[in-house]
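A single structure is presented below for examination.
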Amino acid sequence: MRLMFLGDVVGRAGREAVVDALPRLRADLDLDFVVVNGENSAGGFGITEKIATEILDAGADVISGGNHSWDQREALVFIEREQRLLRPANYPSGTPGRGAGLFEARGGRRVLLVNVLGRVFMDALDDPFATVERELAAAPLGDVADAVIVDMHAEATSEKMAMGHFCDGRASLVVGTHSHIPTADAQLLPGGTAYQTDAGMCGDYDSVIGMQKDEPLNRFTTKISSGRFQPADGDATVCGVFVETDDATGLATRVEPIRLGGRLKQTMPGLMAAE
Amino acid sequence: MRLMFLGDVVGRAGREAVVDALPRLRADLDLDFVVVNGENSAGGFGITEKIATEILDAGADVISGGNHSWDQREALVFIEREQRLLRPANYPSGTPGRGAGLFEARGGRRVLLVNVLGRVFMDALDDPFATVERELAAAPLGDVADAVIVDMHAEATSEKMAMGHFCDGRASLVVGTHSHIPTADAQLLPGGTAYQTDAGMCGDYDSVIGMQKDEPLNRFTTKISSGRFQPADGDATVCGVFVETDDATGLATRVEPIRLGGRLKQTMPGLMAAE
Amino acid sequence: MRLMFLGDVVGRAGREAVVDALPRLRADLDLDFVVVNGENSAGGFGITEKIATEILDAGADVISGGNHSWDQREALVFIEREQRLLRPANYPSGTPGRGAGLFEARGGRRVLLVNVLGRVFMDALDDPFATVERELAAAPLGDVADAVIVDMHAEATSEKMAMGHFCDGRASLVVGTHSHIPTADAQLLPGGTAYQTDAGMCGDYDSVIGMQKDEPLNRFTTKISSGRFQPADGDATVCGVFVETDDATGLATRVEPIRLGGRLKQTMPGLMAAE
Amino acid sequence: MRLMFLGDVVGRAGREAVVDALPRLRADLDLDFVVVNGENSAGGFGITEKIATEILDAGADVISGGNHSWDQREALVFIEREQRLLRPANYPSGTPGRGAGLFEARGGRRVLLVNVLGRVFMDALDDPFATVERELAAAPLGDVADAVIVDMHAEATSEKMAMGHFCDGRASLVVGTHSHIPTADAQLLPGGTAYQTDAGMCGDYDSVIGMQKDEPLNRFTTKISSGRFQPADGDATVCGVFVETDDATGLATRVEPIRLGGRLKQTMPGLMAAE
């Protein structure tokens, strides 16, 4: 299978770039399944039903979330009817929506997506490792699931890398989100899991992690807030990861970063010979 | 000028890779000035005089540090006689050593290097922005300094990116360290400063940020320590950033990531046409 | 019933004061059940079997723990045979020992003790609120348990106070530990639960939370470690809380702080008319 | 001299209790100088000019602040004309207002008040120890200042206690604020400085640190915000510390907690024989 995962969509700039690119990427990369992290798609904070629908219509199979999943309170409601929107699985029991799901990819194949929140330097939820363990056991790769994707929404590189190894041999892809900066460490782990510490945001990189520079800079230097954060609205870079899996095992045979448009160095699997 | 910055050297694997690669990189890339972050070069924790000398002898002009600068207590002593070793500039006044220095590059040109520690999610030192402001004012780019490099040793991508913009137009390069994962966001900021959120470590990437996987995984899953962290000893990737500056202004005209050896996708300026 | 809870015992000074005071306190206050938090009883870090036995022999019915429970690794072993030693209940499943237990008090009455770790500003375990909910449901006050004590080992006053209200009407006493400073807010909450934000340590208060002052001061001012923390060895104050419950409901009818010996203002229920 | 310090005033309940009690306390305790921490006096968040005036008119000589000093943005303006309002001294240079001041007490005596923010578990400002050192040197106790009061606004008990010892022999009183819970550790440190880890809030203690219980509890259990925090409006307890100093040295000869009104156990120097 050919899977693509796009990182945190930030604001209008990120959203328009993703919606514009998705149909083309699906076609060009001959994709079987696409995940987009949408936790910052509504003005930088959360996601609305309208925006979720827009991203799904453009070609995402599922949208994952993070610590900003509920910034737009309507998400607490529409997540109950929109099965293709996930929130982190380690929220307390009783939280609206789901944190993992078995989804149908092209050709009827089944993809397990698990969305989980890290705990280092973050407001803590329940154990992400135990949570992922439970979800992997419920739909084992190569058995119930034809592919398994884990979106590890976390701050610390150590916790993300540990999650990669924790799932190695049991997931097709473990990819981090939340830092809003793509990492350059795409690799196949020894057990056959594709891994990248952070997918990077889909947003304007002439910014502070997707937000206009002035207010973040002001806060860092004066330690006093003087207004709200606003998403930067320059040309966005669509950032993510592309993975090919072995149909027999569900493990990865290839992992490539994607960076399309905007200010960052461009890279696209199969279009350029190597990153 | 042609500058190279290599990120946190981790343990023997990272050290040997760096010492082996440095002479070749200096020659192949025709480098004028080289900085290496050495805070994890001694068994993953700190730096010894022997190791500092080894790295300098291999071709580094200066070694910078971070929150692990003092893990080997001898560094508190030899930093007083080794002017080419820096520690973060925002340590309390009275701390041994220096946090910034004007160094001589090839051809007698002067490079200001400032090493500073972030405060988000870290044990806090004094204001890194005010500290950098002071150092930039003392040796302005294009006036006193022919090039200015800021090593922003920090956890949060937001604080690092803010430092990039804070220095934009006043530094040749702002590069992050500490996360031990290279980012794929090398860019020229609007004012002419080269920027990359993290240089990445020089170490074995089949690990948890350079350490053997078992104990980090054990701690994340059991929350109980069962031993010390040990540096991973597989093939290391030498990670860093390459920058070309305009001789008239000291600003950057080109920035390229470097990833050499080990498991990560390889990239080298001038050898591959584009990343 | 008459219950007493003593806070974190720190080092030899705290241990000796507690072992010395316990028999007298049991007699003078006519106590039915005594809990002691022992997470710092062994040189300030963890607990050994010998020390646990000493505290139990002196008159504690149970010893609770915290984030330092495992600093002495032998605790991982002897906690399996010493049922009267608890560790926080929200450690991952599979952790040695237990986090809650139904213990026999004087006269055959049953006391549920739950030991739980907060998550704000701490290395995070699983949800302490969900954990306490589960334990309270398993042995409801006034039904299965004649008294319920919750040791909320936490940093933030907000999280501790929230736990108090969360348990109000369902526990006899919610008392905080970990800050090593007694709070002066003993009160009966509206639903009948006795509450004090922190029991305070049993240790020498001419110190930095029980440790000799020099090294903590050195670290705060220089940000460089220059040695290990050592417990302060001056006269200790035994700090804790005394509660009387209604035999019919198990709810509290009286709560009084205890501070005995050492430098702090002395207070003892029934000996002085009011605090 | 006879000094009184009252902790964080929270919302209307705290404000009314303080304004009501101040004239009486000044008279009954024959006070020479009174400080009130006002960072939460305006609806729980910040302080307005109207409220500051009200507290000063009621009998406070100075109002100190903390991390919430700027929650009401008008404070950035009126602090420039109201010399009797301080904010933490370790804000970046250029911050409106002052962090320390030499104030006139009854009889023309001079009191140095230093307001400083801790860095452990808080958004970090500059070194509070170096800041206090500088202020103490500028107006030494027993020389320039007849009394010195340090308001250490901090989260961690360790950092507060270290500040106490850091100032021991050089200040009349080091008192903590910010935790909103009074501690029961009032003591004279060996060098003659009065110390209490936290003054406690002036507010309603049937709350979560002064806020109505529902929303804090909701957030701790669901990890999802469902509204704003509102100050609790039940009977407030006025919490603080009373200190007597030696006129010759400025050091403390007596320190007593104050708790007046509301739910907490009452204590008042000279009115009750002992705490």
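Each chain gets a letter, A, B, C and D, in the order it is written, and its residues are counted from 1.
One rule holds in what follows: a contact is a pair of C-beta atoms (placed from the backbone, for glycine too) under 8 Å apart; a residue touches a chain by one contact, two chains touch by 3 or more.
On a predicted model such as this, the values are computed, not experimentally measured, just so you know.
Counting steps between touching chains, the shortest path from chain A to chain C takes 1. Set side by side, C-D and B-C show the greater C-beta contact count at C-D.
Where the sister copies chain B and chain D meet, the same residue numbers recur on both sides for over half of the interface positions. Centre to centre, using the average C-alpha position, chain B and chain C are separated by 45 Å.
Computed from the mean C-alpha positions, the centre of chain C lies at a distance of 28 Å from the centre of chain D. For chain C, the set of residues touching two or more other chains reads 92, 125, 127, 130, 221.
Put simply, chain B touches chain C in their complex at residues 70, 73, 76, 91-92, 94-95, 123, 125, 221-226.
Residues 121, 127, 129-130, 155-159, 161-162, 165-166, 179-187, 189-190, 197-198, 200, 205-209, 213, 216-217, 220-221, 257, 259, 263-267, 272, 274-275 of chain D touch chain C in their complex.
If you check the complex, the residues on chain A that touch chain C are 92-93, 119, 124-127, 130.
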